[in-house]
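In what comes next, chain A is part of two complexes: it sits with chain B in the first one and with chain C in the second one.
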Partner chain A sequence: MFSKVFKILHHPQINTPYSLEDILKTDAKVDFLVIEGALSRSEKILSRFGYSFKDILDILSKKAKYIICAGSCASFGGIFRLQNEAKIFGALFSGKEKGGFWFNNSKVINISGCPMHPRWFVETLLKLHYGDKLSLDEYRRPKEVYSYLVHHGCLRNEYFEWKVDCKDYGEKEGCLFYEHGCQGPMTHANCNKILWNSVSSKTRVGSACFGCTEFDFPRLALYETKKHMSLPSAPYGISKRAYYSLAGVAKGFKIERLEKRLIDENN
Partner chain B sequence: MKITKEIIQKIEGEATLELEWENNKIDYAKIKFLNFRGIEKILENRPFLDALLITPRVCGICNTSHIIASINAIENAYVNMGIKIDITKKAKRIREFALNAEKIQNHIKWLYFSILPEILKINGEDESSIRAFEGKEWIKSQKACATILKAMSIFTGQWPHGSFCMVGGVTCDPTQGDIYESMRYIEEVEEFCEKEIFGLSLDEFISFETSIQIKSTNGNLKKILEVLVDKNLNHMGKSYDRFISFGNNSSLKNPKKCEATRVLNADINYVGESLLNSFFEPNGYTYSKSAIYKNRYYETGPIARMMIIKNPLIRDLHKRNKDSILTRIIARISEIAHLILKSKNLLKKIDIYQKSCISPNIPYDSLTSVGVGYCEAARGSLIHKVEIKQGIIKSYDIITPTVWNLGNGSRENPAVAQKAIMGLTSPNDADLVFKAFDVCAVCTTQ
Partner chain C sequence: MDKKTKKTELILETSLLLFSQKGFYATTMPDIAKKMNMSVGNFYNYFSSKESLAQELIRYSSDKVGAMIRSVNEEDCDSKEKIEKIVSLYFKLAVEKPQYLDYFLRVYLANKEIFKDGCEGMVCVASFVTEMMIFFEDGVRKGELRDQNFFSAFGLFMGYLGGFVFLNGENILDNNLESFSKDVAFNIYQALKVHEAS
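Take a look at the complex of A and B:
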């Protein structure tokens, strides 16, 4: 479907019909400019093919109808912003703050994630192509993807509900939210709905969600759960009072089934 | 003397070749990687486990190699502090399986993105069949890559950037059904490779002992061999004829080097990094460092691995063509067959009833140590070194395969790819020689 609808004019790595110079020189308009990687206005930090990246973007952004920021680096600055936070940023945001390479640019759509899921990208482009409605959240991310939380569809949900911690890595049981840094309940993405590579996800193989679609990725101490007064933060959009009251009640019960192995072959 | 600049396109990242010409021959070549991202610095002052998440982001195409090298370095730091790390066979097999799957898709992508377009061009053939997103062959190769990554993601959660490694093992705990499903995907990829690349069954192919046997097959491998021989390119791109591979897998347990055909033990402690010509030194012109072993340059990658394990087919090609692009290219393609068969074998041997992870029973912040970890990535040996103080990273050093092969030496003592390029007579030849190394600029300028 993708290859029937879209024509890739240029890609730096794969075998495409036009060179970057062809695209820079032409007067023709393009539908999409896709940006990968953190941006900088400094020629010393970022140049490509003998041009400063700023010059390349100034030219290409005018030709494009939409600018798609593919991934968290292009959206927020991501990991590489940490090298020089003053000079490296995303297209519209520097971390949480508005103002990256551009302060305002209504053409920009962010598809954050490290990496971005290919379906998020393709489906966004298809919507724009067909003129279907595309609602964006406050970080200019498609709502259809980023209204979900990674927590939705996690196979360990029951352990979360009953506050059963994961005892060690490499087991099917237990929730990684309490001690192992899982950000699933506060990370916007539909990973556990559509799955990765169509087959799995981080939490399905017993690793934590590290919040890679959010502006603060990568947090410090990724494998630890940050706590205040020995309590983890409340899930996204749930008040502390609601969450801690419910958690307290759930924790008060010992659910025998959830203390056992999921597949108990001896019993 | 004339100086020309060639921007090498269609590789991961960007590199510039600056060629100095004398009597229509390349007299010297500078290889420039001009973008710097500073991952090693970003890691400083973070808890050491953060390296497991951050180092894979060095490279979108070799991220599994980075998490494996990183976990090996961290586990080595535990061992150096006197803390025993037990890793079950199950966890070891899952790690190696994931690494293999990543190598397979790397080699297939390199073959269809970088090498086949060049070969068709050289042969004056229409390249529309491998044009990205359109060509029939291109689409088939992409499907094979996606499929091998499914086989892997069953254990790693996702590709790229799965976080399935943890101190003492892996985080996943597959069921037997998961293993069957993964096998089903590998068999699909095997079928693609048999039909399109090798033109016969992989079992038959790996039994080949001479390159003449390839002539009886019917796939892209044969095509590449024939075009390179027909166009007299089979002796092009020779370098030092010295190879190194640090292994750490079921095919090669310990570090070895190979001087022409003689295989000797190697020791990780003799690996050094030269900053010569890098921006970290005065008058430097590249962000790439150069890796050296006892102050000498060695080539790493599939050709090195095949020479070291004495693969008969590659040894035969080497006898006739030494370390030319022909041997280098055929070695990389051949490795796909070996990796697929090895991976099937690894899958069959996974015992789901073993533990996936045995975490060492000490708090993270009590770790003060240094560790070195390495593994074989698609393009060659990858080394990570970490220094940890009370659980916090003091320094982190990454030596990628590309800095072995594509470093910059001096006119008198050129690095591996520089030597392979010197003496060539056209920029197109230089481009092909360069691509035969499967250049990855992003790895180099982490």
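Take a look at the complex of A and C:
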């Protein structure tokens, strides 16, 4: 469906009908400029095919109806930003702060993720193409995707409720939030609703959510839960008082069913 | 506050005094009703059993102490100052309203069989323990307190305070409880603070 609706005019790595120079020189308008990777105004840091990226973006951004930042680097700066936060950023944001390559640009739509889910990208482009309303969050991400948390739809939610830890990666049982660095309860994305390849997700196969759609991705020690005095951060939008109170009470109960394997061949 | 809520609170306050002074088993429901000038029958309209009253009392005491610590948590000051304030308020409470702490130390901790169904784990003391969690988490996050297991820090802090209140209750201390406040707070802070690398 995508290839029937959209025509890719230029891509630096796949066979497309026009070169970058063709696109830069033409007066024709395009519907979408898709940016991948972090941005910089410095010619030394970022140039392509003999052009500074700043010049490329200045020209192409004027031709495009929408600018789609595909992934967390283009949205927030991502891992590249950690090398030089003053000079490397996303299109509109440097981490969580407003002001990246542009301070304001109403054409920009961020589809953060590392990688972004292909469905987020295709659905967003289709909506825009067909003129459907696209609501955006404070980081200019489609609310349809980013108003959810990865926690929503996680099959481990019962373990989260009763504070039962996952013993090891890859196991079906237990919650990965307490020891294994899972960021699902504070990461905006619908990974556990639409799934990857419509089949699975990190938490479903027993790996922690890394919070790859958030402005602070990547954090250090992705497989560790950052704690203060052995207390983890509270889930997004939940006060510490509410969370610790509930968590402390739940942890006081030992639920035998949840301590057992889901499928135990010996019993 | 409606009439029934007022009366319930009065029952709780009266029971706290009796339980903490005479002990749980030596205090009967008729004793409390008599002290309240209530008929025993009417008293049972408020609490159907001594166990349910006992469990409500630990929630009530925990809420009181929790609210006290919350007021400190919400202040804009560093962990050292917060420790001083918590210790000072705790000792003040032990002097002015000893029943809140005595009930915890002499009834709740000493008679766990009464609380095993309904007050499992943190259920009845959540409001107090949660405030201590917030205090410790905040102190570590700000780089003021050393990161460690919550319970090792909690035990040090509350065990120390509880021990002092117990000694005071036994009239063993050679001076009034509040006079120890500064030294006790200093010791707690020294034990919990971040130690600079030598």
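The rule we apply is simple: the second predicted complex is superposed on the first by the 267 of 267 C-alpha atoms of A that agree within 3 Å, B and C clash if a C-alpha of one lies under 4 Å from a C-alpha of the other, contacts with A are read in each partner's own complex, and residues count from 1 in each chain.
Note that in this section contacts are C-beta pairs under 8 Å (C-beta built on N, C-alpha and C of every residue); 3 or more make two chains touch, one makes a residue touch a chain.
Just so you know, these numbers come straight off a predicted model, no measurement behind them.
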item	value
Clash or fit, chain B versus chain C on superposed chain A	fit
Contacts of A:Leu222 with chain B and chain C, given as first, second, both or neither	first
Partner chain in contact with A:Arg48 - chain B first, chain C second, else both or neither	first
Chain B versus chain C as contact partner of A:Leu231, first or second or both or neither	second
First, second, both or neither for A:Gly170, with chain B first and chain C second	first
Touched partner set for A:Lys240, first chain B, second chain C, both or neither	second
Greater residue coverage of chain A in the superposed arrangement, chain B or chain C	B
Which superposed partner A:Met1 touches (first chain B, second chain C, both, neither)	neither
Partner chain(s) touched by A:Phe253 [first = chain B, second = chain C, both, neither]	second
Touching partner for A:Phe80 - first (chain B), second (chain C), both, neither	first
Overlay on chain A, chain C to chain B nearest C-alpha distance, Å	15
In the complex with chain C, residue positions of chain A that touch it	227-231, 240-241, 244-245, 248-249, 251-253
Residues of chain A that touch chain B when the two form their complex	2-3, 6, 8, 11-17, 19, 45-50, 79-80, 82-83, 114-115, 168-172, 196-208, 210, 212, 218, 220-224, 263
Residues of chain B defined as touching chain A within the complex	5, 7, 9-12, 14, 16, 34-39, 41-42, 46-47, 49-50, 52-54, 57, 60, 91, 113, 117, 127, 130-134, 138-139, 146, 149-150, 152-164, 166, 168-173, 175, 181, 355-357, 359
Residues of chain C that touch chain A when the two form their complex	70, 120-123, 126-127, 129-131, 133-134, 136-141, 145, 147-151, 153
